[in-house]
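Structures follow.
Presented sequentially are two complexes of subunit A, the first with subunit B as partner and the second with subunit C.
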Partner chain A sequence: MTTPVVVTGIGVLAPNGLGAADYWAATLKGHNGIGRITRFDPSPYPARLAGEVPGFVAREHLPSRLIPQTDHMTRLALVAAEWALADAGVRPDELAEFEMGVITASASGGFEFGQNELRNLWSKGSRYVSAYQSFAWFYAVNTGQISIRHGMRGPGSVVVSDQAGGLDAVGQARRQIRNGSKLIVSGGVDGSICPWGWVAHLATGRLSTSDEPDRAYLPFDTEARGHVPGEGGALLILEDAEAARIRGARSVYGEIAGYGATFDPKPGSDRERGPRRAIELALTDAAMEPGEIDVVFADAAAMPERDRIEAAAITAVFGPRAVPVTAPKTMVGRLCSGAASLDIAAALLSIRDGVVPPTTNVSLSVEYELDLVLTKPRASVVRAALVVACGHGGFNSAVVVRAPR
Partner chain B sequence: MIEFEVTIEDLKRILQEGAGADENVDLGGDILDTEFEKLGYDSLALLETAARVTREFDITFDDDAASVAVTPRGLLKVVNDGTSE
Partner chain C sequence: MRRRVVITGVGVLAPGGVGVKEFWSLLSDGRTATRTITFFDPSPFRSRVAAEIDFAPAAHGLSQQEIRRMDRAAQLAVVATRAAVGDSGVELTELDPCRVGTAIGSAVGATMGLEEEYRVVSDDGRLELVDHEYVVPHLYNHFVPSSFAAEIAWAVGAEGPAIVVSTGCTSGLDSVGHACELIRDGSVDVMIAGATDAPISPITVACFDAIKATTPRNDDAEHASRPFDGTRNGFVLGEGAAVFVLEDMDSAQRRNAHIYAEIAGFAARCNAFHMTGLRPDGRELAEAVRVALDEARMSAEDIDYVNAHGSGTKQNDRHETAAFKRSLGEHAYRTPVSSIKSMIGHSLGAIGSIEIAASVLAIEHNVVPPTANLHTPEPECDLDYVPITAREWHTDTVLTVGSGFGGFQSAMVLTRAGRSTS
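Our next item is the complex of A and B:
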């Protein structure tokens, strides 16, 4: 049985907007959320820009019991989950606790919390390490905290596949709904903008060292030179479509119609990389033809080789300049596991409003045969969108979202 | 002999600092015999509290007994004279 799985709520915390409405308005205006790092002094590091979520004061949003035991990114995730549930009109205490679950993605866990406790350990001794270090750093911590807070005792898991994670979590959530769950909180909210996390980002060799916020992250541009990391993301309320109807859900943003995931061949292999097959698998899973897709949200690595692979994959499936392509993440940076679920949110809002958000700051290289939506949003009927995400380590995933029927 | 007696007021402050406070609980009231579960504190909160008491007062006591104390009175007893309630 393949029951449709629909999105009924969206919770967003992004570098250019707190809440889905603010994020979407800022994104359509092309508002840049990238800036010089403020959370620590970035001056000794070769890369100094990030997409930080502005104006987030945890104590204004969360009870004090949760503050000592949570990393910054977990606080963002708890608020995103709360906002998504409110948006969906869901009162978890009115639903069966074992029919609700939480499946999130995480790239690194609570790095900032972990850094502080490791500093305490080595500078003061083991007696100074927080008891909450036992779980606050851990990949699954967002899933656990959301599950406990809202009494969701069904499936609970975490997917670790870097940038692809935001899609892989949604794919897994859909699988669990097809297995009988009624509602899953899914997606990713991530971030590790602290010195320890920054060193890990630098080690990938993929960070832009530009100091100009509007010139640092330029996918598909001849000046592409790596990316800017960011924090935040989106959590989504996924429901069995029939259960949502019975519950009286007030809005349905769209359906998670298709999902595909592939893994790259080993480095140095001359076999094709995985993005094209991930896209084709997602389309096949959705039983849709390429011509039925109205916009592609690109992974947009901004590393020339990876841009080439992604552009070739899109062109191979859809044809040269045959489908609008966009990467609004140029405004917020790459949010690790938060990036792709934020793109799903943007895709659903594109469907709702009939508009494709722009890829800002980029001048498209003549090398790529893409219809990249540049500078300004493009009015367009959007019935279905494809979201592509490629994670460090060879993960490639794609999701098709479709207008509600 | 008790060189560093930890009081209920010390404990309330350290609970608040180390583990926060449930919004439905008035830590300012008489909580000496209220169960930690009703105050919104789990065993991890007690472990963290015990660690903070150890550091601040530079005393040692049985961590395991502290983390299973049922009430603030029980925890203070473990902390101040090293015997479980």
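Our next item is the complex of A and C:
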């Protein structure tokens, strides 16, 4: 019998809310956090909308010595970790240092920091490159900085699988808890809203070029024309259920009950793509039947081909219109490796409050046999939720979260 | 009963020679592959030495299209993957593709490709609002290095879990450790696991210059990497890839595969101290060693050889020596310890996997590779570092470790197949 791994704390920084409470309230109200890019002048580019975390002033949340050595997304991540620990009521100095770890997902590292230093190097010379460049941009930076800030000396890791990373980090964190760790900070907080990051996103040909925040990101809609990138995400406190009980954890949001991951066949292959099997693996891992899932949080690529594959996978596993499906990321955009852990947070809050958040702005295409929760939240008992995430290139992951027992 | 994980295929591309045979020949001869940087004009930089690979991707079967879309690090990894799969003799097409996974370590991803593209779209740094009209279609693959895992999965037709593990300089140990856990818990039957990095580019050289982490010994490039030596003054940047085929021991034995070694134990710990600094006492690395030994159900005395991180920086070699004493006790003085970075430099995230390759070859040949360029002992580094010359040494069990920026500390125990009792 393996130990249940539970989530006891949530830290969120999202384009439509700072903190889990604000994010959740905004999400249930259908508040859209997507807008015209403010961090640089987007007018030369064919896509100009993003989900930026508003009102975040790093100096209000972090010691000043951390500011020059961190990228924007690392600052967001440090604050998310702090809020998640506070939410869980964890005082790291009261726990055994080697039993606490940090496992995060990253997509492109501290890319804005990296752009500045590349610019210094090529426009001024090597002596102008920051002493912090050696670590401030690399993929491992968030795990390193969080472990240092909170004295966590247990397992540390970083996974990169694009948009699927937020689930893969949680899957790996659960494995480390089963191996004996008591607490792992996990999930993803990401972002690369800088000109150099923006042109990399543009290169995919998958960005929406709309200038209307309510019309730009429309998964499962006949008008689906690509997505809007965003920044932020969620970090979660995962604990061994027994350890959480012993330390007197004040709330348990739910259990990470199942996890599965697959990779798509090579492009051009006629073999089925991987999302269906990832969902089935997660259900099997949770020892649950499809009928026990009360809501699916979709990846929601908003590219017709990807939407079709995902809808077909959901329909194949659950049956036509047999399970409520939602994609509240229409209100924040796709947050790289931060997206999926934010969806886990939303799924856990759905369980807590008995409500499924809406997929805003979308008119469901008749092509899809999905019960997509549109426009307004739907009151519903949620005992278990499935979260799906698909990363660029063929990464498919799924997580089942279940109400605390 | 827990599944046991073995290495049945090895592919290595390291400075000084492409392929396992050339790699081992360099190490066992104690030759060095460090030289003055040739990839770009190094004259503006403080450290102008590196360990470069003479690598022609087309000669290794990569198509023009693959060469165009892949960063050098991905190219190295794909070539190493094909070599490893060929070496193992495993017939991947006979397996359920969903039971074959991919885990690739890389510290800095497609940093070379990114820098080249940045120069184009920014007009060498003149434009802050970089020009999207000049963007190559595969830029996103450089931007998010999970593309490395994708390339490898495509190369072998794997459809199981695929991931890039990026924990700085321990990436190459952590990716293999991760792969091992996936086989043990039954998620997959076969893993293609390893690591790659190709960081020898101006931005990487500049960032290590800025903190004086790399050596300024530019007048003696061949002998610039001096782990554990009293005159050491920084590491030498390298590049490379090593990829392994990992299987559960029962299936490997059923198909009569050649088994290089069993991965008996692995652990990764954070030092939670400083992004680039190390506490001199080596406490967290020692803890990783202790946990890895525990997982292997072995004691310090079972270790025949320690393949050290041995980067050649003042602080690392001191830190690591202290960690070995702390975790292995008196046995630390009796067991040979060596650093192959003295010969092939430090390829950041790749080196952990390259050092796993050196470790399994030490078991295979009963030979311990030396620490080249070690002439001047110093009091803080007082273990048996196998200076200059390789040593014939009965080697059943190897401890290999890594330590890096971000505070990551990892340890792995590899043992001759059939020896472990776990």
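Assorted remarks:
Just so it is clear, the second predicted complex is superposed on the first by the 404 of 405 C-alpha atoms of A that agree within 3 Å, B and C clash if a C-alpha of one lies under 4 Å from a C-alpha of the other, contacts with A are read in each partner's own complex, and residues count from 1 in each chain.
Heads up, the rule we're going with is that contacts are C-beta pairs under 8 Å (C-beta built on N, C-alpha and C of every residue); 3 or more make two chains touch, one makes a residue touch a chain.
Quick caveat: nothing in here was measured; it's all calculated off a predicted structure.
Applying the stated contact rule after C-alpha superposition, one finds that A:67 touches subunit B and leaves subunit C untouched. By the touch criterion stated above, A:394 is placed in contact with subunit C alone, subunit B being left untouched. Using the contact criterion defined above for the overlaid structures, shared-chain residue A:131 touches subunit B and also reaches subunit C. Partner contacting the larger number of subunit A residues, of subunit B and subunit C: C.
Across the superposed pair, subunit B and subunit C both touch subunit A at residues 69, 129-131, 134. Interface residues of subunit C facing subunit A in the complex, by the touch rule stated above, are 44-45, 97-98, 101-102, 107-109, 114-115, 118-119, 121-122, 124-126, 128-132, 135-147, 149-150, 153-154, 157-168, 171, 174, 178, 181, 185, 202-203, 205-211, 213, 267-276, 284, 287, 405-408. For subunit A in complex with subunit B, the residues that touch the partner chain are 63-69, 127-132, 134. Of all residues in subunit A, those touching subunit C in their complex are 40-41, 44-46, 69, 97-98, 101-102, 106-109, 111, 114-115, 117-126, 129-131, 133-135, 138-141, 143-145, 147-148, 150-162, 165, 168, 172, 175, 179, 192, 195-205, 261-267, 271, 274, 277, 336, 391-395. For subunit B in complex with subunit A, the residues that touch the partner chain are 16-23, 40, 44-45, 47-48, 51, 54-55.
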